[in-house]
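Per-chain numbering from 1; labels A, B, C, D, E and F assigned in written order.
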């Protein structure tokens, strides 16, 4: 069930049977010479939309811009500062919590988001604690590649050159979903270098075409489909477990 | 050209021929018993995506959550506080301006966004002025129903009961684009009441099913298609004019 | 009744008969070669102070600095960033609401303030909603030239060259109230150009002497007196209506 | 010279002969059973306006709302939180500094403002330092009762019962300027109690009628006139000295 | 009793017998050619730690970074902007208030902190007032040199050349506590100049070696020990009085 | 070399031979029935202070309050909200960067700090990028238990019951450094439960005595000394490597 294609009355009904909502969250940022700028928000959106076809899961609109300051040296990247990102995540959660969601599950597509999203959760909890009241909802963050079975599959599919940015696994997922937007390029070197992540100009100087440790040339739509299938199964299982989790009195 | 389905190299190329980008922006909020929660961000997205098929326009990802505090009494609404919304619009623009966009055009789908978006533009300009430098880009906001020819068409299509929230015209646009998500209901009264907009609980007390002044029952996919066609033409013309506008030295 | 010339005990008494307060709000910014820098806060102050002489209206101190970032290229302009302006409006309203005002009416003298003031109201409402409580007061914004009868009078007085900044109507109002501060100049051109409003340097480049579309040379103290009289009547009527408005339970 | 009754061209001219501006700043807050709510912003305004009649001093609009959180238990008080107050003072100074003021002199009427105004100055300096540039202007704060000769005069006028809030000296100043707004009451006790300043409810519990240590019944318009005369002389001298102060290279 | 060397259970027990906590607060900033960078946080820490050896006083960890923007021209200075400092003081107090402290006593070692700390207290009080609730705790600030008997002792020890920054009294206190870190230098001039405090570059231009009005060469560990003894006695007395203070209902 | 026991001139000299500074950072929070409230800031302070005895490392004052919102249900915990924590880390780094530090190394003692510290680094980088300039320094975060050789040693020392909060390893480190502050208790159960971390009331309900998965009864000062020795070696090596790292042009 897609929240944005539902009416408020349908959500009111959904809340009678579940207090859990899934928010796909990612980033819009350079993904090397062939990766789509939307890769990191498209992947969790693709997986969550696919999952709600076969399970009674409510999927919120996609939170499509995240913490991508280090990619700002490349055109097309759009980044929120961590403070802005935290404020926005906060208001999403405050809204969802107002009318009764108690479990807010963020399916994340961008490693660079993790720190800020976790900080945003803590900010929300601290706000309630300092005001002397219960928050009323719990938040959970999961990277899609950490869903059960996904990383092991990716390791089998891409034993070398998976890397950490513009990876063949994430590009394969977008190839499966957007076959008309498959791009190609000569990668030089075939596997990109690795190193630390600092500010944007530093990043561009270290990683000339934007990739980190990856060889995206190994991606295929078929491998993407396999990854989506594994992620969907993992997501459905985990969302059910999160929804069933008891809150101590 | 959709930014999120492009690579950074394609954006770098696009910037050689144009410094203008279109950002669909809206809100995810209740739209009465039959309107989709996503209506206000779907409409500008539908129009912008349609427009880039026939013109060399770059469309950014959709900014899908806006200033909808007054709708928070209805499940499914997600709202940013104005201060959060301003910060986020600011970071979108700062990002786009970094690598060379000089004209940032927001195609808006929610009247409640207008004040905050305009305030966000002023905040961006003031930031540059106080720092003693040029901002480097100009921002423009346009509601899709104010594009040339659209409102007059809507008035012909819906001479009564157009109203101001959950209008038949916006619902028609989503019906055209998402025919599988058309909903129906008995409206009572057929045309909803009107009045002021205040806080969320006040809104829900005044407008029991969420509509303001509208009879959405008049919407049809066909009318939606006509509206989209008119809006696409208006958008292409206006984006070209904005892109051609000279900045005084 | 002027709040700042009253004691707290007199306000306590006033609250027994009315929950409404009027706040004149404007901006201190360049108004062309002959307009006073204070024009935009003087006009609503003049009108509100005049109105309380003949009606039981409580007038708060004047909020004299607003959103004037685009005028900062001209000496004497003082501007709050929208975020600062919102915070300040918020604290004014939080204060007035604490001891019982339920209707806060802003009589505005600067078009550039409108977006931010409206955003500030929404911020106040959202704050209460997110905290799970009622705000307790309603806010209303009115530009003095939109009070009943004023704009039509101005159109009769100034059929051409009214323009949108440093208008003859606002300058006439200050001439009526501050006859010792009437200035004169040769306007070239007689009617100033029009165009978009962007950042401060852009504004100064487009509008060399600060006017937009106006010919202030038509202003006279007599016309100003007529405008004040019309505005006073409109204000008294509208404040009464706002005060009488019921809040839905 | 009053900034708000001047044109931008007159300010441009003034800047050729002086880089100094005086900002009257105060608070709108309860002042006991007979003190005007505006006392703390009226006093510096009265003194500064009087001073500019006999000296070439530029006086900005009055900053009329300050840090009065402890008085919020009494109707009519309007208070900015320190964070809001700092942001607003900051934008006033950033504006004035943009077009060339190098010395910004705040003539203050409220002891409770001092800490926040000083903090605001430091915030402005730190902002420039962290950005690796010079601030370009210096700020100075002076309470009007600390101008040369004023406190000694007040001590002679009111050897007992001067107190620290709703003092006979400040009330005398407003009586001199606003003789039509002189109020009277039976004070019980004649001299109000003293003690610490904490939050608003605590303040109201400690100081039943709002006074602290004062007997305002001693105020007369004549004494007010003497105080204004002394303050005007002190202000003119001190502003000249501040304007003449050299900034080390 | 040192909070950081206690367990939460020991604090729970302490709260049964006292609701008062002492927070040493200072700054890490240049102190001339011989003063330690930590002087301003070491002094209150030394005194408070010494005091808790002979009285049942709970001492929190030391707040060691404060408002030192004017010293940022000298290496080793670490400064919080006032807005940051206020936020941090706020969260310390909100934390301590949550589980029952009602009196939070800041023993301060840096004059430059005073304005911001006082503003932070007001921010905390205003937050509660605007939320319509009691704050629940009272805050008090005291500079260690203003504890009973300390300044008079310092005046006897250093009749000339005490000055206001890098004073012989504060340096003597650190010499007593950290005899291995005593430094020496030739002071030129022996007594440093005085003047106003503005931004960092201005400060460094006025005060070449960082001192203001002082001759730190007069400091000895013995004098430091005398000062600590006086301050400890003053602190114990004053904390007891603050703890015993009644809050009006 | 301890920064707070140095003079500014000594730091100026140090900067001629190194651009690297180490900041111990932690949290003041409950650590079960026997762990010190200061454990998480004492551990990195102990290790860093020990390291600078045998290597030319500059150690800043300890950042002793961090992100501990989940522990606020236990007395003695002091927590910064993530937004406050980020602002403060930011100002520390801005200060250190002003006079030439290019490598800022945070030695962390609290897992709950990691997300916010990383977010703070990104905020600092984004600030510079959006202002169109280089940040000028790089930040690095390391938890002390992740220094080379430490975790493997802890695993050998505590093969079971190490857990994740109030661990025997961190308590052993404080026992080694503060042998007079060793506490004892009967643990029930011997090994504490594990589970998720949410808001403070939830945490206290799940973890009755504050421990998570740990049996702190295994800690001894001797084991602490071994851990410190391993950490010191790891720290010296890693700080040297960080200092030697080249920044790409």
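Note that in this section contacts are C-beta pairs under 8 Å (C-beta built on N, C-alpha and C of every residue); 3 or more make two chains touch, one makes a residue touch a chain.
In UniProt terms, the chains line up like this: A, B, C, D, E, F = Creatininase family protein.
Worth saying up front: this structure is predicted, and the values here are computed from it rather than measured.
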| item | value |
| --- | --- |
| Same or different contact residues where chain B (Creatininase family protein) meets its copy chain A (Creatininase family protein), judged by the half mark | same |
| Maximum centroid distance from chain A (Creatininase family protein), chain identifier (CA atoms) | D |
| Equivalent of C-D within the choices A-B, A-E or B-F, defined by over half of its residue contact pairs recurring | A-B |
| Distance between the centres, which are taken as Cα means, of chain F (Creatininase family protein) and chain E (Creatininase family protein), whole angstrom | 24 |
| Whole-Å gap separating chain B (Creatininase family protein) and chain E (Creatininase family protein), where each centre is the average of the chain's CA atoms | 54 |
| Rounded Å distance, chain D (Creatininase family protein) centre to chain E (Creatininase family protein) centre (Cα mean) | 29 |
| Gap in Å, rounded to a whole number, between the CA centres of chain F (Creatininase family protein) and chain D (Creatininase family protein) | 46 |
| Sites on chain D (Creatininase family protein) at which at least two other chains make contact | 72-73, 79, 81, 83, 91, 98, 129-131 |
| Chain contact topology (line, ring, star, complete or other) | other |
| All pairs of touching chains, each written as two labels joined by a dash | A-B, A-C, A-E, A-F, B-C, B-D, B-F, C-D, C-E, D-E, D-F, E-F |
| Chain E (Creatininase family protein) residues touching chain C (Creatininase family protein) - in the complex, by the definition given at the top | 129-132 |
| Footprint of chain A (Creatininase family protein) on chain E (Creatininase family protein) - complex, ascending | 91, 94, 98, 131 |
| Chain D (Creatininase family protein) contact footprint on chain E (Creatininase family protein) (complex, rising order) | 67, 69-70, 72, 79, 81-83, 86, 112, 114-116, 118-120, 122-123, 125-130, 134-135, 138, 140, 196, 198-202, 205-206, 245, 247-249 |
| Residue ranges of chain C (Creatininase family protein) in contact with chain D (Creatininase family protein) within the complex | 3-12, 15, 28, 30-38, 41-42, 60-65, 72-81, 83-84, 87-88, 90-92, 95-96, 98-100, 178, 181, 183, 210 |
